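Quick heads-up: structures coming right below.
Here chain A shows up in two complexes: once beside chain B, once beside chain C.
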Partner chain A sequence: MTLLLPDLLLLLLAAIVMAVDLIRIRPLSTVSFHLSWAGLLIIFLVLIVLPYDQETIYLGTYKVNGTALLFKQVFVLSAFCTVLLSGSYFTPGGNARGLLRYRSEFCFIILLCTFGMFAAVSATDLLTLFIGMELATIPLYILSGYQKEDSLSVEASTKYIIMGSLSTGFLLFGYSFLYGCAGSLSFEAILAFAQSAPADPLLRLGVLFVMAAIGFKLTIFPFHMWAPDVYDGSPTPVTAFISVSSKAVAIAFLLILVYGPLAPLHKYLQPLLLILAGATMTVGNLGALKQKRLRRFMAYSSIAQAGYIIMAMAGGAEAARSSIIYYLFVYAAANYAIFFIISIAGRDGNEEFKSLQGMGRRNPVLAAVLMLTLFSLGGIPPLAGFMGKFLLFASAAQQGFYSMVIFAALNSTVSLYYYLLLVKEAYILQPATSSRPLVTDRIQRAALLLLTSAIIFLGLMPLFSSNILAVVR
Partner chain B sequence: MTLSHFIILSLMLCAIGVYGVLTRRNLIGILLSVEVILNGANLNFAAFAHFRAFDPTAGAVFPIFVMAVSACEMAVALAIVISMYRRKKRLDVYRLEELNG
Partner chain C sequence: MNGPFLLTLIWIIPFVVALACLLVPHDNHRLMKLFSLVGNLINLGLVILLTLKFINVAGIAPAGSDSSASIFHFAYKTPWFKIMNIEYNIGVDAISVLMMLLTAIVIFCGILASWEVKQQAKEFFILLNVLVAGVYGVFVSIDLFVLFMFYEIAVLPMYLLIGLWGTGRKEYAAMKLVLMLVAGSAFILAGILGLYFESGISTFDLALLSQVRFSDSFQYWAFPVIFLGFGVLGAIFPFHTWSPDGHASAPTAVSMLHAGVLMKLGGYGCLRVGMYLLPEGAQVWMGFFLVLVTINVLYGAFGALRQTDLKYITAYSSVSHCGLVLFGFTAMTFTGLKGGVLQMISHGLMTALFFCLIGMIYGRTHTRTVSEMGGLMKVMPFLSVAFVIVGFAGLGLPSLSGFVAEANIFVGSFANTAAINRVCTVLAVLSIVVTAVYVLRAVNALVNGPIAPKFSLLTDATALEKVPVSILLFCLFGMGIMPGWIIELVNGAIKPIFNNLSR
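Moving on to the complex of A and B:
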């Protein structure tokens, strides 16, 4: 049962957070907030000490192995950062869009959503996978409309739920065809069928539907249109959570299917994945060039990042798995650092490019952190982003897709341009009106310190964990 | 009545649903179209369980889970639609235009 401990602890934590809110003594207490981040930290520590070379299956459908545990680390860290990030949006001041309320419900929904992600990465059959994905997605619809007095937030959640439920429909069609051709819901049966008849039309149809559905969740090129609107309209902590956790669970889903039951189809899927990856990164990079609002900018940036990640999926199983998980850690650290800076710069105002102006004077340390993070996202050598991108590109290059790697490297150069635009705002442009000082609280300083040191450390010592890197061996 | 009939029917339901999502202007209409897609998939599961599967229970149980999950999803969707109605006083998707750029 030890391998199941993080999941059980997470459920217990969610129950405690909700119960504390029900019996709270004074209103507006922050107990649930502190309880959530402390609990998530403990779960992360438990995840670190668990053995990564074992594999156990509970009840025939819930498998825990090293890969699942690594993904769980990403999810727990992401939930942890989101809870910390949400702190300043619940205290008076907030930003121009108004104060968030019902803090313990917010933490509760984040925790349950994370549990859904845990279930999705532990699946060994289509039913568990479906339930896990839905448990991970439905809370996000609620969260994106959390500011219900704000019409932008409501509009974002309306768009999100329409696109999301449409993708659920496609996903179900895909599952039904996979079930129909294999005759069973388990991954083993589907794998056996795919090995015996990889050209079966029903199987191909099922794979097509599943790819379309996951395209919505992962913001792959033709299905990415919802992302900028939803990211722009949702409350900022929710945007951060969607951009990291929801993307990570979609990638985990794709990894599970592509290298699990659909492994015999991999050589047919390779060209499709490469085309989608190329189109996705191009669309994301071109879209980010003309943005003026920070959350919308981050949406296009994360679409481009999804493109790089899908490209690695053209590689072999080991290389793709390790490089993608490593990149998810790097991406999560950089994204959360930026969102913390957005929350500090946008306090009492709007979260636009303009609110970064003059940061180099107003708070030099914060500006330096912003520059470091953006360099990491763009892939400048000593930082983690470079190593992450290098491994992703290496995974595709090992299979001989050199032209694709060159295309991705060119795209990465374009992305460097718009990341540097933010640095320009922070260092060169001065605000037209007199600016307020940038206030940071203890939690924000601690979180930024942790994230920045993670960005530097992961870049300098990518080999510190043998769990992650099988690709360079 | 063979398996192909059921697959064709469910794919037609899927097409009708997608057409509805793309063309309806009313949010409730869009949600109904989504339900049509989900039920098409359910029909598919039931048909495969009856005609092809060596594990027919799984195919029979799956639609029940789908119904439960889609009920949750619709509960959330209707809550969002209500708060949207309170903000904008209409349920027209052409009102969803504040976020762009």
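Moving on to the complex of A and C:
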């Protein structure tokens, strides 16, 4: 049962966090907050020491292997950062947009979501996959509307529910075709059917609907429209969580399907994946060019990042899996670093480009962190983002899609333009009115230190990329 | 000190200096400048030591003398990322040693020339040192991944260096420069991934890849991709437009380093990665690129003719002179390749001195418009004489470095019997005349004639300013009068590349 330990601990933690609220001491108690991040840290440590080269199937339906463990690390780290990020939003005076309340419920929902993601990456049949995905998504509808008195937040939540339900409908519709073809929901049966009749039109129709459904969650063009509004309306910690965890689980979902039961269809899926990837990164990059609000900007930036990730799926299983997992870590670290900076610079409630102005003088360390993070997102060496993008591109190049690599790398140049715009705001432009220095609290400093060192060292230390990813199955 | 260790030390020292500057308190500018100066002085010493060692070793075992031996000396490799056989793989041949020597001289002079930087000095010196580390890194690495990585490290600090400390339309120029160069590296990236997967041996090792004969169909698309990718940094037409704006807006030290050394990374990459690894592709595409770089040479010269700003004149002349580097390469003859490499060194020294002097003159007159100046010889004889000399180097006067390089380039290019080469050579030689016109016009307007009353109280260079100018002048004369040892070294390094090209 050792491989199941993280999942069980997570459930236990969620239960405890919720129970703490029942014996409430003060309305602004921080017990659940500290309990959550400490617990998540412990779970992460457990995940690190577990062996990556084993594969165990529990009860015939719950599989744990190296890939699942690495994905779980991403989810746990993401939840950990979200809990830390939410700290200032639950503290009076932490953010002018409005004080969030019901902290233990917030932590509980985050933990529950994370458990759903755990289930999704351990699935061996479509049903578990579905339940995991829904458990990971439905709580996010609640979270995106957490700022109840803010109409933008409510709008975001509504939009998210409608879009999410539509995608669930698509998913189930696609499932019904797959079930009809294979006669079973298990991956093995679908794999067997796909091998025997890869050209079956019903199978392909089913796959198409499943891809469309996952396109919503992964913000693939043309299903990306909801993202900017939801990202902009939700409270910042929730935006960060959606941009990392929700995206990561959708990628895991696609990875499991494309290289698992649908592996025989891979060469038919390649052109589709490449077209989607190219369109997604272009739309994301072009959309980001004109943004003035930071969270909206991050929405488009993460749409573009999704494009690069999808491109890697045109490659072989090994290369795609290791490069995508590596990139998820890198992407998560960079995104959270930026959201922490947004939460610090946007304390007055307006999280806009203007809030960053003069940061080079107001808080040089924070400005340096912002610059490193943006360069990492833009793929500049020696930062982690460079290595990540290099591996993603290599995965596509391995199959001979060199023109796609050039297209993606040029797209990445466009993205560098708007990341440099932020650097320009922080370093070159000065605010019109004299502004106060940017203050950070202890948690924010610690988290930024952690994320920055990840951004710097993940790209330089071979330990992670070669030793761990090499044994992943 | 053994060779590989020396190589590693050379690119690490600037990083260490950058980290040291990070720890210095914000207002202690003097200490930061001192750190940078001492660090780069040590590096200059190390590079000279390396050159001496290299001359020794190359004399005993000429590169490429037996076919199995690597052309790189002081080679050392150790696995870095097992995931794609990426290795920390270093070594040098004569071209890289000479380029490192150039880098060391230029950056040392550049630090001295930026002694007056006051605004946010900390960030300035950190970025400058990171930039230098990247440049050294490119020259020492044999592994294509590592080379590409250092190449990008060398490009990015430019954004802030120009954007923060530049003049004129600095934000526009900085953004344009960085984006164009990064777009160029998008092509390089696809090219080196292609080399990795198509070689069949899954390696980024230049020495191993040079033994592989790539399929023609691959070479036909990969060569132009790589050549253009690196060519952007070498300011190849029509991707040269970043250069005038970028160089004119950058602060003195950055212009010196960028025009002097960074642009050479482009030529270096074209030669080392493009022509060395993909010779058949080079054969097919050379006519096309020859036409492009001939346009470069002429367009740069005529462009300089129309400018009134000293920095723009020098920047356009850089486009023309860097065009000559690639012009030498596209000749595809031994002498032409040699001339190209010599031009890289010669132009590096010359343009660094140009920008250095312009920076000093601008610091006094606060204008760079040629027509507003005049008679400066009366008040600043040292700077004026230096300016005259570097102008002569630019138009290729014998006994100065420019002559050695240009003579080789034109002779080498004319030696190629193809009609297009002959025609292009004749056209490109015209650029010398045009160069003489714009250089002499600028020099004349600057140092002769009546002096404006507001400039009559200006002073000549201080002792501190005379140091970098003297060093660079010495090198210009040294290379012009005694080019023998450099040519001998370059000959040894060109041979394996030329052998590959003519196989």
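The criterion applied here is as follows: the second predicted complex is superposed on the first by the 458 of 473 C-alpha atoms of A that agree within 3 Å, B and C clash if a C-alpha of one lies under 4 Å from a C-alpha of the other, contacts with A are read in each partner's own complex, and residues count from 1 in each chain.
Keep in mind that, in the parts below, a residue touches a chain if its C-beta (ideal position, glycine included) is under 8 Å from a C-beta of that chain, and two chains touch if they have at least 3 such contacts.
Please read these numbers as outputs of a predicted model, since none were measured by experiment.
In the superposition on chain A, A:380 makes contact with chain C only, while chain B stays out of contact range.
Using the contact criterion defined above for the overlaid structures, shared-chain residue A:420 touches chain C, although it does not reach chain B.
In the superposition on chain A, A:310 contacts neither chain B nor chain C. Residue contacts after overlaying the shared chain place A:233 against chain B, while chain C stays out of touching range. Contact with chain C, but none with chain B, is seen for A:391 once the two complexes are overlaid on the shared chain. Within the complex formed with chain A, the residues of chain B that make contact are 7, 10, 14, 17-18, 21, 27, 30-31, 34, 37-38, 40-42, 44-45, 47-48, 52-55, 58-59, 61-62, 65-66, 69-70, 72-73, 76-77, 79-81, 83-84, 87-88, 96, 98-101.
For chain A in complex with chain B, the residues that touch the partner chain are 126-127, 130-131, 134, 138, 141-142, 145, 148, 151-152, 154-159, 161-162, 165-166, 168-170, 172-173, 175-177, 179-181, 183-185, 189, 228-229, 232-233, 291-293, 296. The part of chain C that touches chain A in the complex is made up of residues 26, 79-84, 120, 123, 145, 148-150, 152-153, 156, 159-160, 163-164, 171, 175, 178-179, 182-183, 185-187, 189-190, 193-194, 196-197, 221, 225.
The touching residues of chain A, when paired with chain C in their complex, are 322, 360, 364, 375, 380-382, 386-387, 390-391, 393-394, 397-398, 400, 402-403, 405-406, 409-410, 412-413, 416-417, 420, 423-424, 427-428, 462, 465-467, 469-470.
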